[in-house]
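Mind looking over this structure? Questions follow.
Chain IDs A, B, C and D follow the sequence of writing; residue 1 opens each chain.
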């Protein structure tokens, strides 16, 4: 309710502003006995770090994570894991010229009206640096999923008009191009498109897709905490996301039932589906097929063009945003989407453990035997 | 967490199966002093009742709501409001032929795997009757919004290929056609499309749009309980929804920043925006312009065509679904979307009351003066 | 947060006023596959029914429970269980004479100030009838505990000055006297005491004790959701409770460490404790020995003596409370305490299932094998 | 649910172990515009610091707090406030001799059984250092209460057999003796008692009382989130607390109604009560009179005497606890109790803001006027 905590059994509480002392996250409810060290978290964080290509800001951010609690001799202890990343290389002066202006497409105006005060330096809490806490927690969630044999593949599906159709996906390409696209040819095309926008001082939207394999069947709570509903909140809560789709997504509005229904059949004595329009979710629960989710990101609102806007005292003016900004948020947001999906899955996997009396009994009876 | 409760300060807990004794909702956190009677709730419920046109099931359901608690002498008392709708006219026999089959596109399989037991009659808990509780609560939430001057307009934007462009909206048409479309001509076209599908024993998807006017600025909590994130969960939790969009939605992925940024300006001494690509939300908070949300619904999975599927013991077979089913869920889902949006807004309006120290002080100091 | 919901994974939402249409509860998160019928719940409810002895009000209340959802063919389905008890035999007229008066020791004044409106009939929401929902849910929780081999024994430890020392407990006496005391001799003494108070138009306080055997070790979450902290909220939330004690309770304030520390030793290859000052809880987690909790109830505030008080318009006056009231709340409250303890234990037993990575892995891996 | 978060609208998440990198807290939901700096928090922290008298451990802990986020130019911004205290002066070696032993009266055994792993150094998460996060958050909550004119007075009521009766309270004495007792003569007596225990290598229990003046009427949510129920959880969650009492507490079990009922009367046109047996709470809501709460603390379990116990492999043995331990936890726990009370009050004050429709309307209408 207080806004900075997500999840119930595996819950994360993020904190921190762009130009404050640092950013971080407290993970509560991580089970004991998970192997964890700073390196594993750092690997995740590095995927969202700026300065990796010409399409990400040239700011150098070390973003070194420190584990402050919850890990003892290389394993989690079941107590809260507090992760800290100190802010460095802040150029607060860059923002002094815009402290009284409302940047178009940003949260400056809404923050000011809600709280009557705002940390204008780099967007403060609404900065993309807020996602560092999410990604650090996502690394932990992913480690849990990994030990359960559940795997996530996340990538850039589209940049502006460059959209990769599903049949052109080559997942091993994802790490071969700076845009995390599953097709190097499309990535080249997208690069050219972005270079054009850089020249015109503009920015581009894009789309991220996340696919999850080997989900147990039945994950997700009925009604409001459905798997898809929980994922929708998780992913829509990422700044700049304006749409969340599951499976066929918006295309279902134009579909007909005889085609949209996925036919069940048996394959090697296991339940299978001929198609996967549902994106792996039926009735809000995982159906055993691949979970497919897409998030549409708006173009970076910080552009170098002069823009008309207003001051916080209600005068119309022109704003020029300096500083270092990505022409597109998507490549760096890939790991953010993956993190939010992972965190959501872990939370619902845990909630699912108490839904059958027979399993609860064998859980506790077994314990008594030992 | 338990799945059937939504909201924190204004929270609803729904219960009930399609063919059990009834369905209902407990609303907790409704403020005292709101005028409320059964008629106001019934008006809302009637909007989702079947039997209103040839495109909704011919089942007659009285769906009369009874207020069991929380209202005294015509006003809410601040205590939980329990609302009950008894089930009637259940033809459980219709379902006995399919009790061991998994209907494609339904939650039969996932329910069975998750819980090891399922009430197969009419989909049980995953029936559309589950939404009665949401709509009854939505009526109460709407009454609260109404008294704050906030208004919701919800309608069918698209049915299959028939999509009404924004510039063709005539909101007074919404109540003039059985499909709740804001354009009677498009509604006639959509009717013809649906009639064709009825003949081929098929069903159609569709899209619902909800617009909210006169929102105060700054509603929505930062980070995870953003206004858009909360709405995404609320609306994605409705059965058959596969995508939720805010403002320009998926279109932002192809947009460029210079066009997507909404320019602030002053109009009659008030902050205004030249465009509304953001759909009324910036940084997860309402920005004072119209809130725009769209939900894409998949086609009704229950179709009269024979379909291939499997039994619960893993044998392939053919299923024939009898009973009475809508060829499209959208017209009746319009009020469900509106209800979930209303409930979410009320919850976040209440949460917002404690975000500024000066306002808290004047709230409590004023009280002491009285 | 909205106040009428308790628990997270096994959560209950109660509703209803003394003189409204009825009272009830929605239980969300009850696992599927639990045998459940109305009779089992009724047995629990009957333990709190009035009219069972001269020390309970002579009102006849049928209090017949109806299961409205969540049970199919004699077993829970994992979906919300809605339980309804219709109010009957309400004599609202009894209360018309006091509708503008604030009864001493009651919530009339605080309700009025908080909500600006109150259902004055029988205390409305603050009536002891509110506990019907708790007890109905407690019956379900107890059934779950029972199937895990965990047993609860709850009884009246003290009535006014009549306090039964631990070494005088005879648990089979509990059902042999109308006061639910574990010693018939003390019960006779307490009866005489109560009869004296009835003559002087007065009422008595009392103490309830609950003991839980066969708890697994380690139940309770660290820090804020400790087992004792959760129990304290659960039990203090019962009307008229003014103190909650665990183990030695208030006596620890005068104890010394060398005596208060329970010595660990081995008994039949199992960890045991020489004493149980801790009341079965160490560091907020169950320690495997008997869980011991006590609740102190204030005397029934409704007494037949004339009392001085004020009107809701601030005038001093005299109040005479008619109607039918127990001279003590404790005997009927025994099952309420037991219910709240049971609900809390189930919730924490479920939460505990996700605290070790090895157990989570075997839970899900086993599933995959099946 | 995850155990380390408390509160809903004003919520705190604590983290950290005794001998890890540090301890801290994230406060979410603190309103914007509150003046806050590190000094104000430090003042609170200093009240729980060891080394202040011969009755607190001689460990020197700097316990300097750092504000990592949520404060900008001396005021809170409405975003999460992250507070960090680095651990220093840890003598982990002190604990190596007991890493395989279960200390009597400690959480070693329960931690080990629950999680299968434990940070044995200094009790890890169950160390009293965990309360640093609570107290840091309590400082912020107190600042909020202070600005609303609500004042807390917390003190040591009893140490072993030395109990100060209410009529002997002199609140200005509290800061005049090392035991935070409201009577210097009793404090001298208690000191002598503690010195005796130090000589016999033993420890003492004690009792803390907290009194809150100037509470608005009606704070507390009905049923489960009652003011007293919430306080009971908050205070019972503090390590070593075994009983929580409101007003007359356990004494009510022996009281009679005619004496226990507090008579309402009018004083200077304001509602008042002749007595305050209720401890300022009626029906779970503040009644405008002084709120009175007591917590009973068990004796420090770490005593220097040799004690019998078992190893983690189930062998009986003798344990000798070295290190530096207080002979009583109470004096340092005074500020912990005060902090938990303050945090609870703030949370419920915020929840209360949405309980009347007329107040909500004037809150938002006023906003529109501005």
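Points to keep in mind about this one:
Here is the rule we use: a residue touches a chain if its C-beta (ideal position, glycine included) is under 8 Å from a C-beta of that chain, and two chains touch if they have at least 3 such contacts.
Because the structure is predicted, anything quoted here is derived from the model rather than measured.
In this structure, the chain pairs B-D and C-D differ in their number of contacting C-beta pairs, and the larger number is found at C-D. By residue number, more than half of the contact pairs of A-D reappear in one of the listed pairs A-B, B-C or A-C, namely B-C.
Centroids built from CA atoms put subunit C at 37 Å from subunit B. Centre to centre, using the average C-alpha position, subunit B and subunit D are separated by 44 Å.
Centres computed as Cα averages put subunit C at a distance of 26 Å from subunit D. Residue positions 1-5, 8-10, 14, 29, 32-33, 78-79, 114-116, 125, 222, 351, 355-356, 358 of subunit B each touch two or more of the other chains. Subunit C contributes residues 1-5, 7-11, 13-17, 20-24, 26, 28-29, 32-33, 66-70, 72, 75, 77-82, 84, 114-119, 124-125 to its touches with subunit B in the complex. Residue ranges on subunit B touching subunit D, taken from their complex, read 1, 8-10, 29, 31-34, 76, 78-79, 144, 147-149, 216, 222, 349-351, 353-361, 363-365, 367-368. Remark: subunit C residues 1-6, 8-9, 14, 102, 104-107, 109-111, 113-116, 125-126, 130, 158, 160-161, 197, 200-207, 217-226, 228-237, 239, 241-258, 260-266, 269, 271, 277-279, 282-288, 296-303, 305, 307-310, 314-316, 351-352, 355-356, 358 touch subunit D in the complex.
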